[in-house]
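Take a look at the structures listed below.
In the two complexes below, subunit A is the common chain; its partner is subunit B in one and subunit C in the other.
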Partner chain A sequence: MLFTVLLGFIVAILPAFLRKVVKTRWLVLLAIVPSLIFIYYLFQLPAIASGSVLKQSTDWVPSLGVNLSLRLDGLSLLFTLLISGIGIGIFVYAYEYLKKHRYIDRFFTYLLLFMSAMLGLVLSDNLLLLFIFWELTSLSSFFLIGFNNESEGSRKSALISFTTTGMGGFFLLAAFVLIGDIAGTYNLSELIDQGNIYYEHPYYPLIIAFFLLGAFTKSAQFPFHFWLPGAMKAPTPVSAYLHSATMVKAGIFLIARFTPILGGQTMWTAPLLIVGGFTMLYAVVNSLYRTDLKSILAYSTISALGVLTFLLGVGTKTGFIAAIAFIIAHALYKASLFLVTGIIDLKLGTRDISVLGGLGKTIPIVAFSAVLAALSSAGLPGSFGFISKDLIYEATLGSTIFQPESTGHYLLIGLAVLTNIGLVIAGFLAGIRPFTGTPSTKIKLPSKIYINYKLWVPPFILATISFVLGMLPHLPSHKIVDPAVTSIHNSITSADLALWHGWSVVLALSLVTLAAGSALYFMIKPSHDKEQYFAKWQVASPQNIFAGITDVFKTMSMSITNFMHNGFLRSYTFKIILFAEILFVYLLWQDGPIYIDYSQLSSISIYEVITIIILCGALLLLLLSKSRLTAVVATSVVGYTICLIFVFYSAPDLAMTQFSIDTLTVVLFVFVLFKLPPFLSFKNLKTRVRDSIIAIGFGVIISLITLKVMQQPFSSEIKDFYANYAYTLAKGKNVVNVILVDFRGMDTMFEIVVLSIAGLGVYSLLKLRLKSSEKE
Partner chain B sequence: MSSIILKTAVRYLLPILLLFSIFLLLRGHHLPGGGFVGGLVASIAFVLHSFAHGTENTLKLLKYNPIRFIAMGLLLAACSMFIPILWGYPPMTALWVDRMIPVVGSIGTALFFDIGVYIVVVGAVLNILFTISLHSH
Partner chain C sequence: MELVLVVLIGILYATGIFLILRRSMVKLLLGIALLGNGTNILIFLLGNIVKGSPPIIGENVNILREIYADPVPQALILTAIVISFGLTAFAIVLLHRVYAFLDSDDLDDLNTPDEDI
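Right, the complex of A and B next:
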């Protein structure tokens, strides 16, 4: 199981490294990766269908409780099949779609990275591992949305989606840590076995809030839905794969996964019902007046995600069955609608349904797939969409939140019917409108368009599967739906999906939806005027509110940066020292009075007195000097006298190092002396007084701290440890050096890395300046 | 800055200072010294040479750009840090060859780590100073 996750990560590196060696047309072979994974998981079907759960664990960071543990149960199997199965089609399609793009190799790296991260997410058996994969999917999605990095819109959308899902990720992590802390384990299987042990815990509301924020941002629930329409800036295969079939369902997956752990309480179901219910209606209304095919699909996807959240909120077994069936149905028809849109966009250069029309004759095979997908989305009897729509109504009718036949109950049913009518229209708009009627005079249709099989086969297969499953519902029923529902509901389930349920309220609602949707479809004429009319209302949309909040943050950080970073070194030093002084004074104040133990002080020798006199003289010269060269010389005298003091107090290593450093500093000064701006003397008395107070204060504080250190009982443990073990363990007699290269060698390693970075920094700064002056 | 006295002095001082820096590096394990000080002394030697003969000539003498020294030193230090893994020890474990080598003393990963530090210090200091000196003219 682990290899299926790692395979993609490993192969993902290849296109980037082999771009010079490998010809572009070989990239289509990458579709082998999802194919292998798909076949592997197909073979796991019988075992999982019989009710077993496969687990695999490899130690990773056992001390933190993070292990590479994977768990394959019905729910993860469903998702792995969707990810790898749809992945095959997407890989083939994307190759043909982008084969002329400069960065196609990079694209496949991102896509493989995403696929593996997504597989890891659904297979993780460890909360922290799950979180890592969760963030990886956000990250790869960021790169894929911003793939056309020359367009500003793409970059902006990528950033918006990344910040939104990334923010959700933080909340999710907080929820995971709380859960793990309360349960005492981060292992998902153990958590599922424990069940909901949190509902009486005071943190339960907090956990649910954090958890749902994470899931809702990822699955684009209101008010976080706005990143998804923006994400449509990505190449169309990405929209089909990430932003409709798989990644956005990660939030749904997570809610389903945690239903046995956190669910079963009103506090859990109510937010799901409210947010899901609102999102599904809000988004579908938003999809109806749009003219861009991808926008229509984006909003209807958000609506579908709302439906899924809603169904999980219903919380009954039928609700879960409906959710699982709808995940399958939606992934199949929405992915193929997206892929069809991509073909239209690629061949005609427009996605505007107010001008598109009559394509049925020019590209019949694509039209056929689109119509099939649209019919499945509308829930025509015989399609899998019909079965899932039936189940949605059945679940809504059977919901136990409100009393049967109460107002609330009817409200829920009304909500579901309205949403589904909207989804029927949206599906028809995207799948049928471009292919029927007559095209607008604004575009010229070529009489015949050649479409490569790599483009039309994937949507064709996906749309056909919708109908195959719809005709033979018992195929997925036992092998896929049952085990998936079992892992949500923790009881053996038999969904018994069937084409014909007999005459019932559910069937009536289904037929009403289909009829009303079709009727309304013929009445709606998408136009730009309508779109602009609705755009006026967007001022109060969540996107603008979030953008406003971001702007406030931006201006705030800009003003802070401008205050702190005014470009004068002296001002930085001033601020840093002042801040340190405030901290130190506070600490000294807290720590109580200082005593000086005179018995501990050693007598002062004549050498020390002389050195101090030289030091003071040099300092005085430094302060009074009128030229920079004198100041440099005086500073170096200060440095050398300090070296002498180190020698007196038997720290030869330190003295030697300080001596060399001082020499080199003087050299450095000499090199840059002529480059520096004219010597500034601060005649301004006020500045001088201010600076001297700060400087003297700092000196006094450091002295006080030194006295304070002496006041502490001197712990000789550390000293003894190094003295005793320096020779026996590290075979060195010089304790200082042994500490540097052995006991604390890791520190030294990082220090030399920092030193190297500083060296490279100076180098690149100066080189950079040279280049820009060359340009001038 | 072209002075006959300095040029003549540097002819003798450069090898002596370099030898001294290696001496400091090697004795560091038992007596005051070590890779860091050794590296600084070696850099001072080269800086002195650049005073007498000009930075361009010192760079010719060095043969490699100081940036390469940084890379080599880091590589050496990192290798000596991770080599113990091959014997199943955690990284940074000091491994020593049992036999003593004349002049150098005992040889172990810590010595190579120190040599790495030495080279990085020489590379970084010379890189900073020479870049500045070449660009300040």
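Right, the complex of A and C next:
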């Protein structure tokens, strides 16, 4: 099981190394990867159907509780089959679709990466592992949407989808950490066994909010739906695979997966019902006035995702059965509709349904798949769509959140009927409109179009499966739907999908939907005028609001960067010092008053006063001088007076060192810098005053800190140690020297190393002659 | 005397900071040197200053007794002086180099030298 996840990752690396081979027709062999995975999971069917759960675990980071543990139950199996099964078709199709593209090798790397990540996501038995795969799907989706990286629209859409899903990912991680913290484990199987132990915890609302934010962003629920239409910038096989059949269902998968853990409470079902219900109607209305085939499909996909969220929110067993059936039905018909759209786009160069028409005669085989898919989406009796639509109505009728026959109950049913009518129309618009009627005079249709079998076979098979499953509903019923529902509902389920349920309200609703949808389909004529009319309403759409927020963030960070990082050293120094001052003042203020013990102070003599006066005079000269030489000399005077202070206070070694170093510095300064221009002086009084205040403030603070430190009791332990052992251990009379060359001899050696390096630097910089070209 | 030194440290720091905030590179360098001096005195002061009794053991004794200056801060300062000389020397030469390139010791001229060369 682990191997099936890793296989894709391993193969994904290959195209990078085998560029030459990859760009030949052998690339289509990559479809073997999903095929193998599909066959593997097909063989797992009987075991899972009998109710067992397969687990496999390998240590990864055991100290963090992150293990490569996988769990295959009914729900995972359904998704693995969808991912690998549709994957086969997509791989074959994508090869033909993109074979002339120069980055086709990259494309398959991303696609394999996505497939493996998605498999990992649905199989993970560890929350953190699940999160990693979750982010990997977002990442691969980013690369695939931005695949046509020359186009600005693609890049922008890729960024939007990545930020949206990435933001959701953060919330999801927060929810996972909260769950793991409360439950004490990150293991999904254990969490499922524990059940909902959170509903009385004070963080329960927070967990649900974070969790649903993660799931809703991924599954494009209102108000985060806007990234999905943008994601249609990706090559069509990607749209079919990621943005309709698999990745966007990850959020649905997650909600289903966590229903036994977090669900069963109104706080859980209510947001699902509200958001799902609103999204499904909002999106389907949005799909009806579009002229771009892919936009229609994108919005109807969002609507379908809304339906799924809604069904999970209904929370009854029928609701879960309906959700699972609809996942299968939708994946089949929507993927084939997308693939058909891709063929039209590839061969005719347009996806505009206001100009397309009459293609049924030119490409009959494609038209056949499209019509099959559209009929399945409309829920024609005999298709799997019909069964799933029946179940949707059954679940809505049986929902327990409102009293039967109350207004709320009727509202839900009305919502479901309206949405489904809209979905019928959208399906017909995408699957039937381009193939019937007469084409607009704006485009010229070739009389005969050759379609490679790699292009038409995948949608054909997918659409056919829709009808095979629809005619023989007991096939998926026990093997796939039952175990999947069991893993959501935690009870043995027998869905008993059937083609004929007898005369009932549900059947009536289904037929009404089909009839109303078909009738309305003939009345709706999408045109660019209508589209533009509706576009006016988009000003207040979530997408614009999010874009506005992003812009605010951008300008904000830009202005902060410009302020903090403006490229002027003195500005940085100024900010750092100001910040340090604020910190120090706060600490000093916190620390209480300062006492000075006058009895401990030593007296002051006339020599010292004179020395200090000279020092202050030198500093003043340094500040006022306009000549560099004077300034350097003044600095050295400061050094010499300090040297005198060392002499007064029993530090002969320091005095010696300071004296020689000062002299050396002056000599070096004069030798090297005597030919520099006069001092720069900018007579900006305001800046000078500001800097003086900051500087004097810092000086005062340092003085206060010094007083504070002197207040501390003095410990003479170290001092006594050296006094006692300088001669007895190290045989030296000068204690300072002994410390430097004996007790701390190693430090001194490194100091010498540092000095030598500095010396080498000085030497080489002085010796290095500028080439004339380097001189400005 | 301690109080005078405390004030002196403050003055040295203030002057140093003021110089660092100037545009001239030479002033920047001098400012850093002053900060170094101020810090040295600060460390010196922390060891309780004593007049006229350096930490040197007399002719006929093996151990320092009575009152003597603290040798630890002195050893630290000695190291600091030498290292800061290394720094200053290197910075001076670097400054020279920059001047050779740009004919200026204005820090602001360093901002976008790549475009000019």
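Here are some notes:
Everything that follows uses one rule, which is that the second predicted complex is superposed on the first by the 569 of 776 C-alpha atoms of A that agree within 3 Å, B and C clash if a C-alpha of one lies under 4 Å from a C-alpha of the other, contacts with A are read in each partner's own complex, and residues count from 1 in each chain.
The rule we apply is simple: contacts are C-beta pairs under 8 Å (C-beta built on N, C-alpha and C of every residue); 3 or more make two chains touch, one makes a residue touch a chain.
The model shown is predicted, which means the values in this text are computed figures rather than measured ones.
Of the two partner chains, subunit B is the only one touched by A:Val753; subunit C is not.
Of the two partner chains placed around the shared chain by superposition, subunit C is the only one that A:Leu619 touches, whereas subunit B remains out of contact. When both complexes are overlaid on chain A, the residue A:Ser703 reaches subunit C alone and has no touch with subunit B. Legend: residue contacts after superposition of the two complexes on their common chain; A:Val667 is shown touching subunit B, with no touch to subunit C. In the superposition on chain A, no contact is made by A:Val505 with either subunit B or subunit C. In the superposition on chain A, A:Thr657 contacts both subunit B and subunit C.
Which of subunit B and subunit C touches more residues of subunit A: that partner is C.
Residue contacts after overlaying the shared chain place A:Leu766 against subunit B and subunit C alike. Look at A:Gly745: by the touch rule set out above, it reaches subunit B but stays clear of subunit C. Shared contact residues on subunit A (touching subunit B in one structure, subunit C in the other): 652-653, 657, 661, 664, 668, 672, 733-734, 736, 740, 748, 755, 758-759, 762, 766, 770.
Residues of subunit A that touch subunit B in their complex: 652-653, 656-657, 660-661, 663-664, 667-668, 671-672, 674-675, 729-734, 736-738, 740-742, 745-746, 748-749, 752-753, 755-756, 758-760, 762-763, 766-767, 769-770.
Those residues of subunit B lying in contact with subunit A across their complex are 24, 28-37, 40-41, 43-44, 47, 66-67, 70, 73-74, 77-78, 81, 92, 94, 96, 106, 108, 110, 113-114, 116-117, 120-121, 123-125, 127-129, 131-133, 135-136. For subunit C in complex with subunit A, the touching residues are 1-24, 26-28, 30, 33-34, 37-38, 40-42, 44-58, 62-65, 68-72, 74-75, 77-79, 81-83, 85-90, 92-97, 99-108, 111, 116-117.
Every residue of subunit A that touches subunit C in the complex is listed here, in rising order: 567-570, 573-574, 577, 596, 600-604, 608, 612, 615-616, 619, 622-623, 628, 631-632, 635, 638-639, 642, 645-646, 648-654, 657-658, 661, 664-665, 668-669, 672-673, 676-677, 679-680, 682, 691-692, 694-696, 698-700, 702-703, 706-707, 709-710, 714, 716, 718-719, 722-724, 726-728, 733-736, 739-740, 744, 747-748, 751, 754-755, 758-759, 761-762, 765-766, 768, 770, 774-776.
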